[in-house]
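Two complexes follow with subunit A in common, the first pairing it with subunit B and the second with subunit C.
The block that comes next holds the complex of A and B.
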């Protein structure tokens, strides 16, 4: 007499079998480790600061107070590097000689003031200032530096601006939190993309394992045991979510992303892993062989990647990007990991992600169930 | 080796190949990548400062900004919309030009400068946009600056990012057609045992491998030309272009054949491509990031075939200027030919044993 077997133990047995199969597949084991290593190494190779200043070499201005005033007036947008002579400045900008001082290295724009610039301009005499630029310097910077010299001359000559400004040293009004000096670095911008990449890799692996089961019809063998189609699918979903979450946690820990709001980040990742698991069921049930699965996986992967890439650009994503299921996950990760937001602020993203997660998982479940039943 | 048998296998591959998703990749991916990199994500590498203007009085400042290179201008109707976009970092800065702004400036009435910058805008963009705006307002005023500024450009002008991306996109097109196609095709035939069936006919394995190579070579050349055309880079001297593309396609086809003959199944090819793809593409990254030490690119074998493509297509170089690289590329091709032959012999022995 056989004892009745609980659904839980059936699902647990299939999960164990799937995990063992996953571990035995050398290709996917290799790719999983490779992707994890590449993602983590790439993250730490990315710059963790933002260079917001234009480095400008200056020669011929002996009055250091003018230099300091100029630099502080322009806040951190300008980094002035003094040079002893115009010839030195020209040579460094042209790349003809190595930088004379360590801080002169990398100077691609230089302003050579004539020796009598301050006195002559104050007297109202016209002078000529030479601006040296590396030809590779963008047009807008060349234009701005030329304008800056003119503006400095106007100021020295005592000519007021032809417009009234918000303050004596303020030309503009800053809207929103002023993030000068604390901008999101490349590491911050790439963090959601890299974490999401791991989940997508997981999608490929899951899709491939599902396709293999369909191809080899091992799934039909399972169905002659007490396991139902629902048990098999539930196990697939659990394996997908578990392995996705496990890899995501490894990456999150390695890139130091769990230091703030860890529970919120893990919740986002869990929803993301379940969503990806549903997508893998869809991709896996449509693929006939390795190449077919790879191709259908790519068809799902490319659109899902778009929000993560779009996050690298400043500003609000377009409406069509916001309609992609992975958008709330990526935006939620950005809100938490880059801007330090909490549960309340991330609730809209969490809600939309949950809806996508349930919807895609249900869709994947239905498609795969139909596929299994037709075998 | 029989040419007729090679052509027979080639014809079979041409007839059956389009059923495989890899064919679709070969044809679609170069177009998709061009679209993604050049149209959608191109300005990620070279972002321009973004200025929004609400011009309520047809100011000449707006016309002047429109004529400037390097500043991305957005014209808006509503001040609140402008402020919203600046605050959301959809624009770096916003300028509101009130009705009669120009005449007020000219009359010395000193109208208010309504200039907003976003909290997330870079300090460098703020200074560029602020100084440029003030400079243009000075021009409206008509006062000559008390200084003459002489701009001296030194060195060579940098190529725009759209041009620097071309080697990457061409390399990708070559990789997919020349490496993916022959390698996956060989592995697929081996996995499905059609290769074992073929070699019991008069067709030799070397002929099958050659046919796969020819197919990859022809498609790689065609897709490289299509990609160059899509990227408006098909202006090189025809003979030089053909020679450099032939050398590049040959070298990559050999890599594809090595992957295909060395792997026991498709999964193995996939693992090889995933594991080594970066090495093949790496030299093209150095064209995008010109500040990186360029000598590192020369350490990668594919540099010796992609650099002639770059020089001929982008810098309009002739064969006399790239012959050293081409010679090294040809030497690598000869070397790899021996590896392909050895691996083909090994595969034949394995197939015979099974």
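The block that comes next holds the complex of A and C.
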């Protein structure tokens, strides 16, 4: 009689077999390497600086004292660019010409002061200042420019602003997360998307391996040995999490994302890898052939990608995006890798991600188990 | 049969409304080959699936080596070997790797894979990927995989289906060797010659029901015609004459035929298993 074999030994055997099969599949091996290379190269090609200044063209001011008065505006993110004439300014803002001087490129707002602006303002006479604004400039910027012109007029005239009596204290309320002064660069914004792409690629490969095992009925051969359905599923989960984690670590190291809070990032990635393994079980058990697996994989992949794309745009994500299982993973990665947050601040994302991870893995396990048992 | 390796008592199974197995009962002793004869859809593969724990019977009791097949008993699973009808091998792996992997699932680390592959005539292709194998080679590898744990009970589902005569003969030889070693063998087939050649007993299965269970000889004696066909040449050309052995005058008639001039051949008219099957079930084995 053969001696009993341990569960650990059976699972380890299946894991070794799955990894060998994975490595020998030329298509998936090629895609894995290609995605890793593309993701890493793309990351380093993205700009890593943030330009928050608005280029404001100014014409009609020869007096350097007025320009000096305007310099205070630069502290508020306005970059002043002198223009020789109002016509030049209008042409550049309108986009009729790219730029007359190199530093005039990208000017989307212009203030054309009349020649007698200084004298008229000093006398207290009415005068007209023309503000050119590109149609794409938001309303709040237009208002800010109008305010700037009034402020400048008062400064030139030597008067205080009309509101001279002490007013109520201003309370500045930022709704949502205040990222003023710490905006993410394109490279930072893309980081979660790129890491997530690797996990999704992993999901496709896992789903394909599972579907192949079902379609070729090799799983039936496994189940008449001492291996149980649980052993087979545990092995699949381990292979998925291991390969997902391994690839994610390669990418994280290559894109310099493990420099701060590496343990926290790896924990997030582990939960993410387990979550996509569960999703792969779902996709793998529904696909009837390669194309079917690809299709069902896409069905799961597209919704999971949304939070990663949403992270590219500033602002708080909509409620429905936050309800997508991959959202806490993406948000957690942004918070930790871009804004340097720690365990305490990331705990809510970790908690929600853990729940999704357990839920999706359990669901994938149940669906695949049912599928295998009905073969 | 108290020491039966396989014991099935009134087992039934349905796929939805379709009754695939209808209350069948039989036993297989160690060292015995039981041939399950029946056309496609007769319930042969379903019976094997029940006995190997892939399906749970709707009613009845099935035991393998004394263990209830519904309990998922790893000790029992460690002592059975199953050769599936479909060639479910890992194609990206070599024959040797396939055998080693399955041996590892049984906790066997030093299995003589080379010896096993030599037994099925694949020793020189041991390191080739299964994807490069022909259908016959895959089937032979399936047999080798079935034997990797030296099982006490073998379930062989159409092991020679679609194979060339040489491959079929090699597999039949292997089955006989395993039975001689003491393994109980449940062999499903719709090849009457294979069943006749290999089986100690045969079971006729049709539409899920067991029609007969006996030795091939007993079935032939019970259902076949006892007659002799004599062929001879005379002035009219080649003629045939059938002599019934049931008649009292059979001895005299045979004597006369043997002594007659122009005798060409004498054939016994023993019934084939297929004829008996058709007689009992009203349908052929190839259906």
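What we mean here is this: the second predicted complex is superposed on the first by the 251 of 375 C-alpha atoms of A that agree within 3 Å, B and C clash if a C-alpha of one lies under 4 Å from a C-alpha of the other, contacts with A are read in each partner's own complex, and residues count from 1 in each chain.
In the analysis below, a contact is a pair of C-beta atoms (placed from the backbone, for glycine too) under 8 Å apart; a residue touches a chain by one contact, two chains touch by 3 or more.
Computed from a prediction, not measured in an experiment: that's the story for all the values here.
Asks: Would you check which partner chain A:358 touches, where first means subunit B only, second means subunit C only, and both and neither mean what they say?
Replies: neither
Asks: For A:10 in the superposed arrangement: first (subunit B), second (subunit C), both or neither?
Replies: In the superposition, A:10 contacts subunit C only.
Asks: In the superposed model, which partner reaches more residues of subunit A, subunit B or subunit C?
Replies: B
Asks: Let me test your reading of the model: by the given contact rule, A:135 touches which partner, first (subunit B), second (subunit C), both or neither?
Replies: First partner only.
Asks: Quick one: is A:124 in contact with subunit B, with subunit C, with both, or with neither? Answer first, second, both or neither.
Replies: A:124 sits against subunit B, while subunit C stays out of touch.
Asks: For A:226 in the superposed arrangement: first (subunit B), second (subunit C), both or neither?
Replies: A:226: touches subunit C, not subunit B.
Asks: Would you check which partner chain A:20 touches, where first means subunit B only, second means subunit C only, and both and neither mean what they say?
Replies: Once the two structures are laid over each other on A, A:20 reaches subunit C alone.
Asks: When the two structures are overlaid on chain A, which partner does A:40 contact: first (subunit B), second (subunit C), both, or neither?
Replies: Neither partner.
Asks: Which partner does A:249 reach: the first (subunit B), the second (subunit C), both, or neither?
Replies: neither
Asks: What residues on subunit A does subunit C touch that subunit B touches too?
Replies: The answer is that subunit A has no such residue.
Asks: Please give the residue numbers of subunit A that touch subunit B in the complex, ascending.
Replies: 27, 30-31, 34, 50, 52-54, 74-78, 90, 93-95, 117, 121, 124, 126-136, 138-144, 146-151, 153-154, 156-157, 159-165, 171-181, 183-184, 289-292, 294-295, 302, 309, 312-316
Asks: Would you pull the subunit C residues touching subunit A in the complex into a rising list?
Replies: Within the complex, subunit C contacts subunit A at residues 52-54, 72, 74-75, 77-80, 82, 84, 86, 88-93, 97, 101-102, 104-108, 145, 149-150.
Asks: So in the complex, which bits of subunit B are touching subunit A?
Replies: Residues of subunit B touching subunit A: 20-22, 24-25, 32, 41, 44, 46-49, 68-71, 83, 85-91, 93, 105, 108, 110-113, 115-120, 122-128, 130-135, 137-138, 140-141, 143, 145-158, 184, 188, 266-268, 270-271, 274-275, 290.
Asks: Any idea which subunit A residues touch subunit C in the complex?
Replies: By the definition above, subunit A touches subunit C via 1-6, 9-10, 13-14, 16-17, 20-21, 24-25, 216-218, 220-228, 375.
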